[in-house]
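Below, chain A partners chain B and then partners chain C, in two separate complexes.
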Partner chain A sequence: MDDSTKRILQRLIRRIPYQMLQKMLGKWAHLSNEDLHSLDFTQPKWVLTEHLLAFCEEKGLTVKHITELEMIYIIENPNQGMWHGFQLLDAEEEAPSIELTQFKEQFKANLTELIRHVSIKIKKHTDEAIWIRVAWGDNFTKPNHLKPTYVVHHLQTPYVFVTGLTSKYKPLLNQALVLATRYGSMKDAHLSGRNLIAIRDLLTRQYQQVFPTKHPKPLQEKNPVPRNPNIENEQAENTENRLQMACEAFGDGTLPQLQKAVYKLETKFRDNSNKTLTGREEPFRGVVEFASTNLLESLRHCVSSGMASTPVTPLLSSITQKGRNYFVITDKGV
Partner chain B sequence: MFKIHFRFFSVMEERSSIVKTPLNNVLAQRRSNSYRRSMRSCVEATNLGYTSGHLTALRIPRSRRTPKSRDITKQVDPDQVALLVTKEWELSYVTPLYQFRHTQLKSYSKHLSAFIVSEKQQGLAIEVGQELGFKVNFSVVLGLAETDEDAETVFIQILSRQAFAAKDDAQKVVWSGWLTCVNGDLEYLRSLPSEFVSLPLLCTRGPESLTVLVKSWFEKTFDCCFGPLGINSANLQWLAALWIGCHPNINIQYLKLVWTLPTLPPMDVKYTIHPQDAWELWHSVRQDDTTDVSIEEVTRFIKGLQSHFFRHFRIELSAGSLMQVSTALGSSHHSGKIKIASPTYITTILQLLTECALLKMPI
Partner chain C sequence: MSLLKPFSKLPGLNTANILLVENEEQFQQKLADTVVLQEKTVNVNVRLARSLPLPMENEESRPRIDLVVFIIHLTSELSFQSAETSLKYLDPGYFQGKVCFLVTSARNVSVPPERLVSVRTLAASLHCPLLCAEDQTTEGVTTAARRLLAILKVAAGLVPMATGLYLSTLTRCTVPSDIDQQNFE
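Right after this comes the complex of A and B.
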């Protein structure tokens, strides 16, 4: 094993938290059961790393095998780094019937044609998602395994999620994906977040949606406070309305974990009390960023508690309705 | 709420400080019914703060002079200015120091370093690799004081030397702090007895353990009291107005305001405005560029931004609290952190902070 391979393995072991190490190694095909048992997981990490290096040398493992371990780890723990959503457009006739093997062949062929030195690994996960790991090189250098790009795609859906992609390689990846999936083009869905499942759920609308009804019934609380018949809540109807509108805009129950929403404002200044500036032709430029550990829940609470006025502005409800969290707002609309 | 320190009154006897301020009649006279009345109103009122004795009223100004840009390096040594700018400082207020002498700085340096070394060694076995020595440096920063009543700024640096370091190795600065008073309220400063020096604003930077030690040494040596100084929303708005007002002369590059809304979970709203547009809004609320800046103008400016925001998102930003204001010239945070990036308006900012410190002090 050469030095760079050793370094990749060392870095990877350092990255994987100690508690998960045994599980990850167990899933790795290249360590037999006896090997696994012979490793002492009570020793400090650096001792373990030395043993693993020794094993890998013995078995003549290469970078290819080590990257398999990395992929296992990332698939189990995808919430590292920023994931960006993309949408495939203009499906051709064959798009819905693409199968895994076809996709794999096509993707590999396309990408290697576009860039000579590239390392591709494709794996199908239990939940029907295809995971692709790409390490990029160029015409003269070997692929850089320390900065790989990961792509997740569900066949038969037009959505692709990517992390770790630099702008240099973006067009190449786009082209390979578009050709392999038999679509016309791929565009930025303007949705990004740290939690892969969250952005996937948001784009595919897999959260508890609430639809406007003609005869709204108040949403039942899970543990209603016992009601005293002598106490009448004056604001009850308003509160229910607000809660209903909040849930219609953002969903009910547990919401996908989104961290940020960014709005680039390029609208004219609007404030009736300021006559001087209101007539101004040029836009009042600014950027608004909403941030929270769970943004959708914060926004829902903002509406239901009255901090935001109802009806909910389409600027905010577009996060869920359109599945995106980056917007450029001009006077003509979103 | 205020934690009122009745040190001068009843607690004096119990406290063991190296220096005791005299319990003579000079002070007893000041402590009359008016003291209790003034203390109560200090807690209740938000616009007036009373200090000891002559019931000097520290009023929160409703207008401030338009800051003029000034090359501070004409008054203060540029090397010393460099020590103060581009770093983030944590703010505290400190009550007047009893028998603090600007001439005794060397002796203070020695005492403080001995104190720190002894405190750090208490109960610990000496380990190999532990910092062998702390060297403390007290110095004066001349030129920041604006009036005759302002005491000169004192700058403190704690340097450490690692074990086995060569004698000539440059020592590393591990902690720095400075005490200052810029344009402090004249009536208040004049009302202090002559043995006291008022440097109400303390700015610190470095490990919390050292900050605690420095403060406790000061408390023992000068019989003073420290407390955290936050920057409330009104003062953050003043700072925003100050920085936006600079824009024609210096490019502030952006005006960023951060509010925190009390949702579950809490949500931060960051509004970054293009400097030219922000300046035009500011200009439109100003009656006249040459007159003093009034609090109404500042409020109208912020309300204009909140209203433009509301038109888009229908969220009332005033339901939350303004936590942070920043531009390329500096940044300030509600929890009491300030960073002054450019020395041009340093005096105005320090004046505002000195005022906050004097108001927050319980005596």
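Right after this comes the complex of A and C.
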């Protein structure tokens, strides 16, 4: 095993937290059960790394096998780094639905045509998602395994999620994906977040949606909490209305975890008290950013508690309705 | 303008009604539960609202309100502004001992001190008492509930020889004016 391979393995073991290490190694096909039992997981991590290096040398494992371990770890813990959502457009009308082997072949063929030195690994996860790991190299250099790109795609949906992609290789990945999935083009869905499942749920609308109804009162079957008859809320209807509008705009129950919403303003400055800035021809550029650990939850609370005025402004509700969190606002609209 | 009037309805026997007005609608629920539990001898009804004016639909069923309490959270400017705008919808008859201000987070370091000063000036100009409450612990809530009950019973006329107006001259908030401060020098 050469130095770079050793370094990759060392970095990987350092990255995996100690508690998960045993589980990950168990899933890795290249360590037999006896090997696994012989490893003592109470030792400090650097001792364990030495043992593992020795094992790998014995078995003659290469970078290919180590990247499998990395992929196992990332699939179990996808919430590292920023995931970006993309949408495939213009499906070919007569294309039959793509199946896995066809996609694999096409993707590998396309990408290796575009760039010679590239390392691709494709794996199908239990929930019907295809995970692709790509390590990029040049025409002259070997693939860089320290900065791989991960792509997640559900075959029957037009959505693709990518992390770790630099703008240099973006057009290449786009082209390979578009050709392999038989669509016309791929565009940025303007949705990004740290939590993969959250942005997937947001794009595919898999959170609990609330639809406007004429009679918003819920069914009386559930036993209501016994209210003290001496306490009465004067404006209960208002509170219920606000809650209903908040849930209509953002959804009910647990919401997908988004961290940011960015609004880039390219509108003209309009404030009658400030004469120097108003009335200029060029737009006043500004960026408004909302950040939170769970942005949709905070926005829903703002609306239901009355901090944000109802009806919910379409600027905020388009986060869920359109499934994006990056907006450019011009004078003509979003 | 639909003003809330203090004497337009008949009082109930051995009953006192209190209205808690709070923009955030959080502390009022805890306070209401405690107030109702604390009082054993008098029948206390608590009405909760976010701001005044109160909806017209409840006009018929609403009993005579004996005490209006404005709960202001000093951590939010909106809380104070909402209370100020709600004041306009009270009949002036209420300001003779039937209005009280309850302030939370007065000891909080991150609260700008000007806000407490403006609440105090407001309470002083209206001749109303200003209570400070601690809303995070049960003892704080219980204490606030007991103090409110004491004022409520007087305002509802259930304490012999005491009226709301009489009590308010003793408990009303005062702001040390500039003249007093000069005297100290």
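One rule holds for everything that comes next: the second predicted complex is superposed on the first by the 307 of 334 C-alpha atoms of A that agree within 3 Å, B and C clash if a C-alpha of one lies under 4 Å from a C-alpha of the other, contacts with A are read in each partner's own complex, and residues count from 1 in each chain.
Here is the rule we go by: contacts are C-beta pairs under 8 Å (C-beta built on N, C-alpha and C of every residue); 3 or more make two chains touch, one makes a residue touch a chain.
The structure presented is a predicted model; accordingly, all values stated were derived computationally and were not measured.
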item: Chain B versus chain C as contact partner of A:99, first or second or both or neither; value: neither
item: Per-residue contact with chain A, leading partner among chain C and chain B; value: B
item: Chain B versus chain C as contact partner of A:265, first or second or both or neither; value: first
item: Contacts of A:273 with chain B and chain C, given as first, second, both or neither; value: first
item: Touching partner for A:292 - first (chain B), second (chain C), both, neither; value: first
item: First, second, both or neither for A:235, with chain B first and chain C second; value: second
item: Contacts on chain A seen with chain B and repeated with chain C across the two complexes; value: 305, 307
item: Chain C contact footprint on chain A (complex, rising order); value: 228, 230-235, 237-239, 305-307
item: Complex contact set, residues of chain C against chain A; value: 19, 23-25, 32-33, 36, 43-50, 54-55, 58, 62, 78
item: Complex contact set, residues of chain A against chain B; value: 263, 265, 267, 269-271, 273-274, 276-277, 280, 282-295, 297-299, 301-302, 305, 307-310, 312-313, 315-316, 329
item: Chain A partner contacts - residues on chain B that touch it in the complex; value: 261-274, 277, 280-281, 284-285, 300, 303-304, 307-309, 311-316, 319-320
